[in-house]
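You will see subunit A twice below: alongside subunit B first, and alongside subunit C after that.
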Partner chain A sequence: MKTDVLVIGGGPAGMACAFSAAQNGASVILVEREYRLGGILNQCIHNGFGLHYFNEELSGPEYAYRWQQKIENNKKIKIMCSTYVTKITRGVNFFVEATNPEGVVNIEAKSVILAMGCRERPAGAINLTGTRPAGIFTAGCAQAIVNLQGKMIGKKVVILGSGDIGLIMARRLVCEGAQVVGVFEIMDKCGGLARNYTQCLQDFNIPLHLSTTITRVKGTKRLTGVYAAPLINGKVDYTQEKLIPCDTLLLSVGLTPEIELVSNFNLEQYPFTKSYAVDEYLQTTEPGLFLAGNIMQVNDLVDNVSNDGEIAGKSAALYAKGKLDITQKIEIAHDSSIRYTIPKYIYKNNEKSARICFRTDKEYRRIFVTATSNKKQIAKNYVITITNGQIYNLNLNKQNLNKNLFLSIEQQKIQE
Partner chain B sequence: MSTKQVKNNFEVAIIGGGIVGTAVFSELCRLGVNCVLLEASEDVSNGSTKANSGIVHSGYDPTPNSLMAKFNILGANMYEDMCKRLSVTYLKCGTLTVSNEEGRQKLNDLLNRGKQNGVKGLKIVENKELHKLEPNLNSDITLGLYAPTGALVSPYNVCVALAEEGIVNGGTVYCYFNVNKIKYQNQLYTIYAKESYAPTPFVNAKYVINCAGANAIEVNKLLGLPEPQNVSYVKGEYIILDKSLKGYVNRPIFPLPTAMGKGIVSNLTVHGNILLGPTATPCQKDDVSVSTDSIAQIVDKVCLTIKKPNFGKTIKLFAGVRAKVGNDFVIERDNTHKNYYYTLGICSPGLTSAPAIAVYIKDMLIEDGLKTKNITPKKRKPYPELATLSRQELNKLIKANPQYGRIICKCENVSEGEIIDILNSPLKPTSIDAIKRRVRPSMGRCQGSFCIPKLINLISQYLNIPKEKVTLNGIGSEIVISDIKQYGYYARKQINTVLKQVSTKK
Partner chain C sequence: MEMICIRCPNSCVLKVEKKKGKIVVSGNLCPRGEEYGIQEVTDPRRTITSVKQIKGGTISVRTTVAVQKKLYFDVLKAIKDAPIKKTYNVGDIIIKNVCGTSSNIIVTGVNILPKNK
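Entry: the complex of A and B
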């Protein structure tokens, strides 16, 4: 099989990629390992999706369905579900090997977009010690069992990590009749969105224990309890360890991008996101290989994921036609208050603007985000608050962009 | 098992389905002996065997003339052929024991001891040659004792294959048969199971072999045998890292051994993961928990030998308990009970020694009058392992059965077809962990986040049991408890409190 653009992953990012690549005139193959499109959205039956994209508050499956409708009957897009990519290599074009229930599939593509999302960090990854009983789930795994299979996972639940999935599962399990003893967070503030904290924990009387972690677990066959201990000056204080009886532990302790498929390419790593560095086209350092969605960086909102997808899809289509302008590459520099930027590189090209998003090292209030190029300020945006963890999106007008670019954060001076 | 009539009468009963028990089982079944293997848990290979480094030791470590030395060498020489016969992986990688310049004398002692034990090909490698073998060794590690006959296997794959081989040769395996009483009357043993869900409440046998590993002393006590002196239980804790670090070490790398054991090994598995451990922590017999201190200890110790690997790639911590009785294996026939044999203190190098121990025990039984038949043993049928097939072979397989094209575990690339194969295998796995040990779903970097819901479905469907009965590792470790909306009591209470608060606020 031959195609212009191959998109791997049929979740929100992949569907947007396929749509946008086809809009830009490319032939597209979209492969998805599950039997249907939608990815993790299918198990996210809560609402809050699509506020930016569709101006509506949709559930995950509804949001996925909207996108599915956009691409399903598009003649330029071939959708292959139950197809699992095992290998990508490259000559002039990319050669992709996959398997599905019909056999072994070979696809030759001019450009490839990776939109495989993330996986959850398991218990082993956080050095959770103690025994290894049943009843320990990653939050997403629990979500799949409860929402897709209609099965209950336990009666008395402790949740470690206050990421959004953890918060949403806390509420979900209470609604299904479980007791959620508490959510434990190693950091000193809630990891999830403020609205999830309010709607999932506060509204359901679920306690959130900050600067506290689960140190080890107990139980031979099924979990019987977990030990929690506070952090003092960033270190676990084992003397204050306390046993909390429970039969279920959910882990919402972070996501890892699924980047292993292309480890044979010599791509520039990007330690901040545990993924690869990309330019403004969301192209990695391997020409024609693009990233989109959570595989590139973990997003708070699915709408941003779709947005990435549209950028990557368009870029991949242009690349396939040989029209991607990569002549004047500029590495984005920034001050230390900005942890990292996506993209890492932008171009001085004919595009009028570029979307640059970043995360900061801590919470800031009343600041200016400024962009300087060749010692000239080319943008200055006022921001009331930016929390750490939250992604800030800067739409940079590139007309005055010169040979370099520096982003910084400036406190607003309050006149006395 | 439900379709067949449950069999109760056997010539030989083996208690314990670890590596020693299954090796004896396969050895006897291949001689046409009517044999039963009694395993307390839901699957064989579930005790010390599964939490093992998987090293086939070359044999330079045990004290000369000990049983350990004898069986180690004999066993190591049998392993390659045995693995070939069983169609399981045998990775001929050799082993290294390394040290800085200060350890030269000790390494030389080991070399000499190895020669005395009859280990072939031992040599000391130094500096550049050593670092060429293992590029991630620390720079101050300049000496290594290279043992080319050392190898790696997957301990649970070997153990399961041995049990299956016994079954295809006419043997019976009863899992969930936790022995709690042995009656000896008229030269016949009646062995009773503890749990009501055992496949049968008792079995009769003329010969009984106790291979119960860490529980072997408890089993001996059932016949009134005294507890030997110098019994200790030692826990071995491990860290396992993701396959993406494959090649970080190329063979097991031991530090110089100490009195406590062979030390913390920088090791790998036959499937390409990096395996670091074991510790040697004194513990209770059934304590397989991992402690934070031990993990820190592994990290520290490993870094003395090799450059610090990326511990961010840790995917699992685990531990196993080995029993130690004095400094050697105890493999004996009992004087007070005719035709009762026991193996105690089978710690390292137990995995390596198992095939030789099996032969030794078989010979004892024959000496004591066991009748064997001269049959041509059948071979165990291996299952297709998709990861090892060429594209053409894979395509052919999928065309014949589309289930091989449906990937269930994406980290380890395991298809639905492979899982269904083993759900129909001679020794049906009934738990997620048992499936994981055979074909590796949920063994990878996501540790089952994506595939466990699917595995629950498959087990439920193919073993025809409700999802609530699917377990992680045997009865009591059920994963899902009911349909949703069954446990409303707490929710109602919670909602009532919230409503009350809301109304008082107003």
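Entry: the complex of A and C
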């Protein structure tokens, strides 16, 4: 099979990529390993998706359904579900190997977009000592069992990690009749969004224990309890270890991007996102290989994921036609309060603006985000708060962009 | 009073104050935040989402508009008790005016695993 653009992964990022590549005249193949499109959205039955994109408050499956309808009957897009990509190599074009129930599929593509999302960090990633009884789940896996299969996972639940998936699952399990004893967080603040703390924990009187962690698990066949202990000055205080009886433990301890498929390419990596560096077109340092969605950075807002997809889809279509303008490349530099920027490179091209997003090292209040090019300030945006963890989006007007670009954060001077 | 707008993941910190008998909201990035702030201090409501077992799989459902918070578990029970139909499509109404509210329960997703050949 031959195509202009191959998109791997049929979540919100992949669907937007396929749509936008086709809109820009490319032939597209979209490959998804599950039996249907939608990705992680299919199991996110809660509301809060699409406010900015569709101007409606939808649930995850509905958001996916809208996009599916946008691409399903498009003659330029061939959708292949139940197909798992196993290998990517390249000559002039990319050669992709996949397997599905019919056998091995070979696809030759001029450009490839990786939209494979993230996977959860498992129990092995955090040093959890003790026995290995049944009843320990990652939060997303529990979400799939409860929401897609309609089965319950336990009666008395402890959640480790206050990431969004953990908070959302705390509420879901209470709604299905379980008792959630508490959420334990090793950091001194809630990991998930404030809105999820309010409507998932506060609404149901579920306690959140900050600066506390689970030290060991207990039980032979089934989990019978976990031990929790507080952290004092960053160290676990084992003298205060306490047994908490429960039959289920959910781990909500973070996500890692699905990047191993292209480890044979020599791509520039970002230590902070554990993914690859991209330019304004969301192209990696391998020409014609693009990223979109959670594989690039973990997003809170699906609307931004769709936005990525549209950029990557258009860029991949242009690359396939040999029309991607990469002549004047500029590396974005920044001060140490900014952890990383996506993209890392932008171009002086015909695009009037570029979306640059970043995360900061800590929480900032009342600041200016400024952009300087050739010693001239070209942007200055006032921001009331950026929390660490939150992605800040800067829409940079590129008209005055020169040979370099520096982003920094300045505290607003308050006159007394 | 400070509260967090839950209408979207931006999670704006709202300040809700009474000024001259009127409720004034600040800190919101969009008009939905004002609406939420006023609602939350006068008559708190939530959109409720859930899952229902059907033949061969599940459906996910939600209330079309937010319903009074105190009806949370009544609405969940009504969803579980609703009769099971033969087929479901996204957008189908499965309960009208759930628990006497002005909200319907609609289908948001249908999860039926394809049969292995």
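The rule we apply is simple: the second predicted complex is superposed on the first by the 416 of 416 C-alpha atoms of A that agree within 3 Å, B and C clash if a C-alpha of one lies under 4 Å from a C-alpha of the other, contacts with A are read in each partner's own complex, and residues count from 1 in each chain.
Basically, contacts are C-beta pairs under 8 Å (C-beta built on N, C-alpha and C of every residue); 3 or more make two chains touch, one makes a residue touch a chain.
Being a predicted model, the structure only gives us computed values, none of them experimental.
Visitor: Sharing subunit A, do subunit B and subunit C clash or fit in the superposition?
Guide: fit
Visitor: Spot which of subunit B and subunit C makes contact with more residues of subunit A, would you?
Guide: B
Visitor: Does subunit B (first) or subunit C (second) touch A:46, or do both, or does neither?
Guide: second
Visitor: State whether A:108 touches subunit B only (first), subunit C only (second), both chains, or neither.
Guide: neither
Visitor: In the superposed arrangement, does A:100 touch subunit B (first), subunit C (second), both or neither?
Guide: first
Visitor: Angle at the Cα centre of subunit A spanned by the Cα centres of subunit C and subunit B: state it in steps of 10 degrees.
Guide: Computed from the C-alpha centres, it is 110 degrees.
Visitor: Contacts for A:149 in the overlay, against subunit B (first) and subunit C (second): which applies, first, second, both or neither?
Guide: Both subunit B and subunit C are touched by A:149.
Visitor: When the two structures are overlaid on chain A, which partner does A:286 contact: first (subunit B), second (subunit C), both, or neither?
Guide: Touch partners of A:286: none, neither subunit B nor subunit C.
Visitor: Applying the document's definition of touch, where does A:203 land relative to subunit B and subunit C: first, second, both, or neither?
Guide: So A:203 meets both subunit B and subunit C here.
Visitor: Considering only touches as defined above, state whether A:175 meets subunit B (first), subunit C (second), both or neither.
Guide: After superposition on chain A, A:175 lies in contact with both partners, subunit B and subunit C.
Visitor: Thinking of the overlay built on chain A, is A:237 touched by subunit B (first), by subunit C (second), by both, or by neither?
Guide: After superposing on A, A:237 lies clear of both subunit B and subunit C.
Visitor: Closest pair of CA atoms, one in subunit B and one in subunit C, after superposing: how far apart in Å?
Guide: The answer for the closest subunit B-subunit C C-alpha pair is 6 Å.
Visitor: Subunit A residues touched by both subunit B and subunit C?
Guide: Subunit A residues touching both partners: 101, 146, 148-150, 175, 203.
Visitor: Where on subunit B is subunit A touching in the complex?
Guide: 240, 244, 286, 288-292, 295, 312, 314-318, 391, 394-395, 398-399, 402-403, 405-407, 410-411, 413, 415, 445-450, 452-453, 456-457, 467-468, 471-491, 494, 497-498, 501
Visitor: Which bits of subunit A are touching subunit C when the two form their complex?
Guide: 35, 42, 45-48, 51-52, 57-62, 64-65, 101, 146-150, 175, 193-195, 197-199, 203, 300-301, 384-385
Visitor: Mind pulling up the subunit A residues that touch subunit B in the complex?
Guide: Subunit A reaches subunit B through residues 33, 82, 84, 86, 97, 99-104, 119-120, 122-125, 127-135, 137-138, 140-141, 144-146, 148-155, 174-179, 203-205, 215-216, 220-222, 238, 256, 260, 263.
Visitor: Provide the residue numbers of subunit C that touch subunit A in the complex, in ascending order.
Guide: It is residues 3-11, 13, 27, 32, 46-47, 49-53, 57-58, 60, 62, 69, 72-73, 76, 90, 108-109, 111, 113-114, 117 of subunit C that touch subunit A.
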